[in-house]
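Read the structure below first, then the notes.
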Amino acid sequence: MTELLLIFISTLLINNFVLSYFLGICPFLGVSGKIESAIGMGLAVTFVMTLATSISWLIYHLILVKFNLLFLQYVIFILVIASLVQMVEMFIRKFSSGLYQALGIYLPLITTNCAILGAALFMVSRNYSFLESVVFGFSGGLGFSLVLLVMAGIRQELEDADVPRVFKGVPLTLITAGLLALIFMGFSGLFSSI
Amino acid sequence: MITTAIITLGVAGFIFSLTLALLSKRLKVEEDPRALKVIEILPGLNCGACGFSGCRAFAEAVVREGQIFNGCLPGGDELNQQISAVIGVTACLQSKSQVVVCRCGAEASEKKVATDYQGLLTCRAAQITGGALDCLYGCLAFGDCLKVCPVSALSLENKKIRVDFSKCIACGKCIQACPRNLFELVPWSKVNDLYWVACNNTEKALKVKKVCSRGCISCTICAKVSESPYYIKNNLSYLDYTKLSSETPLEAAKTKCPTKCIFSAKNPKGA
Amino acid sequence: MNNRDNFLKGLWSEHPVFRQLLGMCPTLAVTTSAKNGLYMGMAVIFVLTFSSLVVSLIKKIVPNQVRIAVYTVIIATFVTVVDIFFKAYIPDMSRQLGPYLPLIIVNCIILGRCEAFASKNNLKKSTIDALGMSAGFTWGLFVLGSIRELFGSGMILGFTILGKNYNPLIVMILPAGAFIVLGLLVAGMNRLEQK
Amino acid sequence: MKETLRIIGVLTSVCLVCAFLLALVYSRAAEKIEVNQNQRLKTAIANLAPGAEKVEEVSLGDSTIFKLSDKKQKLIGYAFLAQGQGYQDKIAILAVIDVSFGKLSGIEILESSETPGLGGKIQETDFLKQFKQLPVNNGLECVKTEAQADGQIKAITGATVSSRAVVDTINKKLVVLKSEIKNLK
């Protein structure tokens, strides 16, 4: 149990996907303009990431390891993720038009979100058990949403700020992200035994 | 090993493609083919001027409700007629299409500024703090309106807003953005060139002259031309767009204006 | 657009890193040193060129529903080839790049270029475009890596530049430094553009 | 139906072709990769235990351990792998210990992606040499001041987490191995 909690907190805050592994930067820069879209994207990523890590774990341990086909892992993982995203899109489109309105447009973006594939690869390289992988995927997605949300809030405020013209837009966002990364480093003091 | 690899990946590919193919059939959302048609016709700017969250939402609403609401503003009459044809209703066409004009025509040299403004460089901020412009009605020229225009029809020239009327889609976003309410939707008449009064200052002449050399001094000259569509209210000249016909002496009044604050533009869409 | 312009646009006017802000994850993650950036860039050149080539060959027969899946599988294949090559011949670099090498698969540059360019243009054009884009990507990574290595450890490509007494700015090598340096570089690019 | 077949056909055949290509490339390179990995292990062991002529891999409980013997076939110690979570990612360590499990001959970091310049310093000699001939009868301990007692390791300034990760990883593995070493004949 402690192990799981440790993975949860460390993935959520200390080794945050965006700020310390640089995963999912593209949507992080693209979708963090508005709070509503940040929430939508965050939810979609968390959902798909949890699902993708669990299925990838099953495939990796039940098929790839058994048949000694580890070199196929990238291809299989990406196949899982791409198909999964598409299926999820079809499902919520059919059964919940409200949810589709909210998340629909972000789903295609997720396939190319490196955070999802990254989560699957990290989970493998760290030898996580099934339960640990699920927690890892979930907290990774949650951490992504958290940073996206914080960033969107900051960016909305920054819109009215008087900054030199060359810094407007992306440069300012990147530098803000840098400062955020520094702040999140402070969380590493949370535990003395990680 | 080659064989196992091929079998594994082949089976995986087969399973996923099968699921996808079946799901895409089973879960197919019966989308109204007319909605797809409407989406195809629409320009896809997602400007939101129609009042819906985007072109797609607009198209779905059009098909569902069987009416075209206010129509697609960027698309204009022609496109709205096409949409109406798709859903089988007669378009409630706007009698004339519209464009925005900016009611401040003063350039940098004409606007007076007594103080050295140091605040935030946005109109909204300057409106609250004051000090960026002596005239309390005129354009602050930090370009809040430029930022919201979805088609980049607005530009700042010498601290004066210039509207590219061929680009303007009359979405009204600049009207909301301008803290001084300088934008006005005016009919894009097919019989005349476009005329408008480029001042919004309702102070008396003396006070206007103190802050701007371009402002309307309510001298009433424009209103005194015979058959004039101009009238004076609150010390400011207005143009009554409902009175326009091909004989209206718009140009005569413009040339007589002593402060040259009546502006005009050629009608690029043609008569 | 002739072939020369088509190639050159990736190097400057439509630079993937500084202008289009594509492929940010590897850009930031592996540029702790100039050498890493260089190797990563070369891997991208290989993958982008070949996958663009294949995608523009098969674009007509791929049905829409599985378009993304097919493209990603193709890209993943080439990435795995690079990965195997690195593991076999330059194992040190393979360890350094770690999971960021396979993450080329979801590098937005590659899928973006395949989607936006290779799936609409002919073989020759998309290959040239791919070469230009990935070459641009490579020099972007190299510059970013050099700056971070220079200030973070006083060296470039392993050669000491700033002398023994230089006290390294460790923040440059940390994630925070990556964001900040890239932000400054993009701002610099904007400045050049304005003139 | 035709559409369905096309979807299945295209994706499956793309997968087949890719699998074939990959298997081909991999089968060519597999040997080389294996050699690379073994090579690393071998050089690491040779560095830490110069006298070891013969390295024999045996499994012990859940873990693998390497028996090291000298020219005269005399057992001179063991080498073992330990893996733990560092600050960034996992850290893989190779350690060599004497026959009685009382003294470390030294350790080497095989894999780590700790922050260069901070946690990355665990790979540098200044840190690693502390483990040379280190008595570990009472386990290891990571301290922030100069090491005074047996088994103490001075943490790298600014990289306490990484230093502690190394020490703890070895410690954990040592405890496990010590209890199981009796089962090895």
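In this document, chain identifiers A, B, C and D correspond to the written order of the chains, with residue numbering beginning at 1 in each.
Here is the rule we use: contacts are C-beta pairs under 8 Å (C-beta built on N, C-alpha and C of every residue); 3 or more make two chains touch, one makes a residue touch a chain.
These numbers come from a predicted model, not from an experiment.
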Within the chain touch network, how many edges lie on the shortest path between chain A and chain D?
1
Computed over C-alpha atoms, the centroid farthest from that of chain B is that of chain D
Which of C-D and B-D has more C-beta pairs touching across its chains:
C-D
So, what's the distance in Å between the C-alpha centres of chain D and chain C?
31
Using mean CA coordinates as chain centres, what's the gap between chain B and chain D in Å?
66
Distance from chain C to chain A - Cα centre to Cα centre, in angstrom:
21
Counting in whole Å, what is the centre-to-centre distance of chain A and chain B, each centre being its mean C-alpha position?
39
Where chain C touches two or more other chains simultaneously, the residues are 65-66, 69, 73, 76-77, 80, 84, 98, 174
Counting only residues that touch at least two other chains, what does the list for chain B look like?
1, 5, 8-9, 12-13, 16-17, 20-21, 24
For chain A, what residues touch not just one other chain but two or more?
20, 71-72, 75, 79, 83, 86, 122, 125
Touching chain D in the complex: which residues of chain A?
15, 20, 71-72, 75, 79, 122, 125-127, 188, 192-194
In the complex of these two chains, what residues of chain A are touching chain B?
59, 63-64, 67-69, 71-72, 75-76, 79-80, 83, 86-87, 90-91, 93-94, 160-162
Interfacial residue positions of chain C with respect to chain B in the complex
65-66, 69, 73
Residue positions on chain C within touch of chain A in the complex are 21-26, 28-29, 65, 68-69, 72-73, 75-77, 79-80, 83-84, 98-99, 102-103, 105-108, 111-112, 171, 174-180, 182-184, 186-188, 190-191, 194
Could you please specify the touching residues of chain B with respect to chain C in the complex?
13, 16-17, 20-21, 24
